[in-house]
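In the two complexes that follow, chain A is the common piece, with chain B as its partner first and chain C second.
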Partner chain A sequence: MIKVKNLYHSYSNDENYAVDDVSFEISKGEIFGFLGPSGAGKSTTQNILTGLLQLQKGEVEVAGYDVKHIKNKMFNKIGMSFEQSNVYNKMSGLENLEFYGKLFDVDTRNPMELIKMVGLDGKENIKAGKYSKGMKHRLTFARSMINNPELWFLDEPTTGLDPAIASNIKDIIKEENNKGVTIFLTTHNMYIADELCDRVAFIVDGKIRLIDSPKELKLKYGEKLVEVEYLREGKPIKESYSTVVEEEKNQLIKVIKENNIQTMHTKEATLEEIFIKVTGRGLV
Partner chain B sequence: MIRKIFLIFKRDLKVSVRNFITLYIIVVPIIFAVIINVFSPGINDTTVEIVLIEGENVEQGEYFEQFAKVEFLNDLDEMEERVKKRDNIIGVAPDGNNEYFILSQGNEPTYVVDYVKNLVTFDHYDISVEDSQAEIVDYGRDISPLKRLMVNVATIFTSVLGGMIIALNIVEEKTDNTISAINLSPVSRLGFIAGKSLIGVFVPVVGTFLMLFITGFRDINYFHAFLMVVTSCIISIMVGFIEGINNDDVMNAAGNMKMLFLPLFGSIAGAELLADKWQPLFYWVPFYWTYKGNNLVLSNSGSLIDIMKYSGIVLVISMIVFIVLAPRIRKGLE
Partner chain C sequence: MKLWYSFTKELILSSKSWYFYIELGMAIILLLVLLFVVPEDFDSKSEEYMYLDVPQVVKDRYRDNLKDEDLDEESQMVEVEADKRTFQAEFYETDESEIYILDSMEALNAFSSGERVPTVHVRVNEENQIVHTYYLQGYETQKLKNLLLVFHNRKAGYDVIEDYSDNIPVRSLYQNIEPLSDRENVIPVFLTFNGSLMSLFIIAAYIFLDKSEGIIKAYAVTASSVWHYLLSKIGVIIVTSIATSLIITIPIMGLQPNYFAMLLFIITSGFFAASLGLYITSFYKDIIQAFGVLYIVIVIMIMPNISYFTPSWDPDWIKIIPSYVMLQSFKEIISINGNIAYVLVASLGFAVLGLDIFILANHRFKKTLTL
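After this line comes the complex of A and B, so read on.
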């Protein structure tokens, strides 16, 4: 669905690259996470893929279209939810969706259905200028689905949302992905990436440092241990057992059989820990 | 493409009507029309002005005073200077052998010159109102020249208002950050610009037609008027885009559009007040040609060829400006 080969971009038109020799491919139906701290080159890459920034150097194919010669038809296939909400403040939520939907040449979704989906029903006739930041963000998110995109770009889709709404948004993303929508997710939130992405790319200083599935990364970089907390003669005991050394595996089974287990956790690494380990950088 | 252009136009119109400043701009032509109707004199209040040489022909002076406002000067040189100073004042000077010649600046309305010619002829043949057996000749002018001037200026001013609304709508797109969303829809840059431009044509055309109707210009050729309005608003549309792109504040954008008023009023004042030799100074200003074309439209004395000539000149100047500004507009909307 997306093919990027040796992509470079410089804002100063010199060798000072904001995106430096980036290459990756995304298959149809995949959720691909593009992770990195602010200024890493995530948005620049995404803006090149969507045509908001002109391609300077490299080869980029999006939804079957060469980005060097973008055709307007391409936009019928893609949707984009911006990090900064960008809706017409002087129009109501419903009017925003109705207007945007009519700009497409393909069958579009019912605006009211989308309004309901993101929990803005009852407020559809209020001008977007009177919406809270979170409501505008949800409207921007809903608008990105209006043309039933095959390829969906999501830029920090849950930023600034309360946990319940963020959870709703994640459910919608999963649901759309189940229908076959390919998703390019740009975020610095490792938890949402971990939960949603089939594969993630770590980008720092314009360069991709690693691409893999969260599961593989955890196996590769996490410790293969299980931490068990249990009561022995009324006293809490906390012990760790290897999941690969045969002797420790047997000990773990024995502990489980003979004791009252309070808690038990695998000691897998979080994506954030892996990111720091791989790039030597934090995510903020 | 056409559907999307109209969609963008409809959105802009809808939002403009909801905004006090843009709504005010939209109704300004109607306010102009009402003000012009209230303050401009009727046809009977207007007098043809004639300048004569003092004592040269006292009877002629008395005769003319029945039908026009007469001014007496000492000699032919003073008369020439006087005629050069103002439009619409006609000199009647002796040419020997009891004959007279008409002295005019050249840009007076034909009917004024005709009127003075008739007076000279009637005086020559000693024809008084009582002697006349002829039917009254009606030149069909039931609107005063001053009113025509005011409507002409207001019409050109209205064309600038369209550009002002475009500037405000672009500022809205920028502050709401919606241009990026439009850029990710299957609307071409050209389609977006065309859609945004449409309100810059619609407001001047509708505003001008309403103004013409309200001020009594109902028998003119509205197609000619349309041609002049459409071509004259092209410059304002482009300046509207540039101001919208360059400003992040509605008031600044509207305020900066005022820079168009200088060539607008300057060229009109030049066309009205300056002698022929100074007129080329204003040839580069599209409003100058619009003013001339509008004069023909409002006096109903221009043929389609005349109107196409003036609107064509405005179009050519606008195209030159377009070639200069188009890259900046395109870049600014990225």
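After this line comes the complex of A and C, so read on.
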């Protein structure tokens, strides 16, 4: 669905690249997470893929279209949900969706269906300018589905939303993906990436450091540990043992045999921990 | 169809914005100014204040001469105020002047010192010669001073003046067309600046507002073209220009103007001005950055006003400034027997030029719309 080969982009038109030799491919039906801290090149890459920035160097194919010679028809196949809400404040939520629906050449979704989907029903006739930040964000998210996109670009889709609504948004993303929609997810939130993505790419300073599935990354980079909590002479003790190192494995068996175990669970490395381990940088 | 949807959406959004009503309100204010502040024709007669400090015989001769030139060949006794005092004066009105003969030197001084107007003291000297003493105010030109000198030394200069004036070629500024009244003459200025040229600045404001709200990004990822977006903005601005122009013109001019030519010219000149505004806008991130260039454009566009109100100053270079052509075209449109061929050629020129600039602006916006 997306093919990117040796992509470069410089805002100053020199060798100072914001995106530096980036290559990756995304298959149809995949959820691909683009993870990186602010200024890493996530948005620049996404803007090139969606035609918001002109392609300077490299080869990019999106939904079967060469981005170098971008055609309006391409946008019938893609949807884009922006991190910053950008709706017409003087139009109601419903009017916003109705207007955008008219700008595509394909069958579009019923605006009210989308309004209900993101929990804005009952507020569809209120001017978007009077919506809260979270409501505007949901409207922007709903708008990106208006043309039934085959390829869906999501930029921080749950940022600023309360947990219940964020959970609803994640459910919608999963549901759309189950229908076969390919999703390009840009985020610095490792939990949503871990939960939703089939594969993730770590990008830092314009370069992709690795691409793999969260599960594989955890297997490769995450140290497998067992955390045990037990009582010794009436006092609670909490210890971690590696399930890989032979000596620690034996110690763990001994602790289990000799003590009254209170809690015991395996501990996986988080994506954030792996990101820091691989890139040497935090995600913020 | 997408262009139509974009246009109607922009129209709805405009109707919901306060700026739209400010434009309409401003047109009404300009109309009221024209109707109630600007006179039908400006009174260009100069006021002259004299004190005749001469024997009665000479006074009578002066009065007889003035009566001969007076419009109704009669003088009137009037009260005039100067320096918070009231004086008696004889009033004569000729084709060119309003002349007040004051009754005392005190009155003359009051006008000269208190009202700061030029006055004339006419007296007879020891050699029985009539002497005119002018109390000028310092702002008079050397030309006027020279003229007074020549006028009072007729023997020396009269022949020369007569000979010179006989050889001055006189060219009528209005040939086949009826001249406009002073009030009507102001209308092209309002139409040019409140209508056509405002498009240049309004489109910049609209685009920068959309940029700051990120709306352009959302539009750019739809199957609609950038030029649809740009042209729909221009369309709304032209509709507003038509409305404001008609608000100003119809109550004053009635059916006299050629409204077909007017609509055509507002559309083409507005399209040109808005395209120019778009092109300038495409180089900048926000209106603060663009303001320097916009300011220079404003100043250049204002310059043809000087030529418009001073027809004798009409250098070739000023004729290539678009607002010059706009002023002249609107003047032709509202005049009886105006030169409509000039308007049509100007419309064609603005349409072609506007289209070229629009294509350039569209090309630039594709690159910079989301920056």
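What we mean here is this: the second predicted complex is superposed on the first by the 247 of 284 C-alpha atoms of A that agree within 3 Å, B and C clash if a C-alpha of one lies under 4 Å from a C-alpha of the other, contacts with A are read in each partner's own complex, and residues count from 1 in each chain.
Please note the rule applied: contacts are C-beta pairs under 8 Å (C-beta built on N, C-alpha and C of every residue); 3 or more make two chains touch, one makes a residue touch a chain.
These figures come from a predicted structure and were not determined experimentally.
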Fit or clash between chain C and chain B when superposed on chain A: clash
Chain B versus chain C as contact partner of A:T50, first or second or both or neither: both
Which superposed partner A:K28 touches (first chain B, second chain C, both, neither): neither
Contacts of A:L103 with chain B and chain C, given as first, second, both or neither: both
Superposed model, chain A: greater residue contact from chain B or chain C: C
Contacts of A:Y88 with chain B and chain C, given as first, second, both or neither: both
Which superposed partner A:N76 touches (first chain B, second chain C, both, neither): both
Which of chain B and chain C A:R143 touches, first, second, both or neither: both
Clash-bearing segment of chain C, relative to chain B, as chosen among 128-136, 146-154 or 272-280: 272-280
Residues on chain A lying within both footprints (that of chain B and that of chain C): 50-52, 72-73, 75-76, 78, 80, 82, 84, 86-91, 99-100, 102-105, 143
Chain C to chain A touching residues, read off their complex: 1-2, 5-6, 9, 12-13, 16-17, 213-215, 217-225, 366-367, 369-370
In the complex, chain A residues that touch chain B: 50-52, 72-76, 78, 80, 82, 84, 86-91, 99-100, 102-105, 143
Residue ranges of chain A in contact with chain C within the complex: 47, 50-54, 72-73, 75-76, 78-80, 82, 84-91, 99-100, 102-106, 140, 143, 147
Chain A partner contacts - residues on chain B that touch it in the complex: 4, 7, 11, 14-15, 18-19, 172, 175-178, 180-188, 334
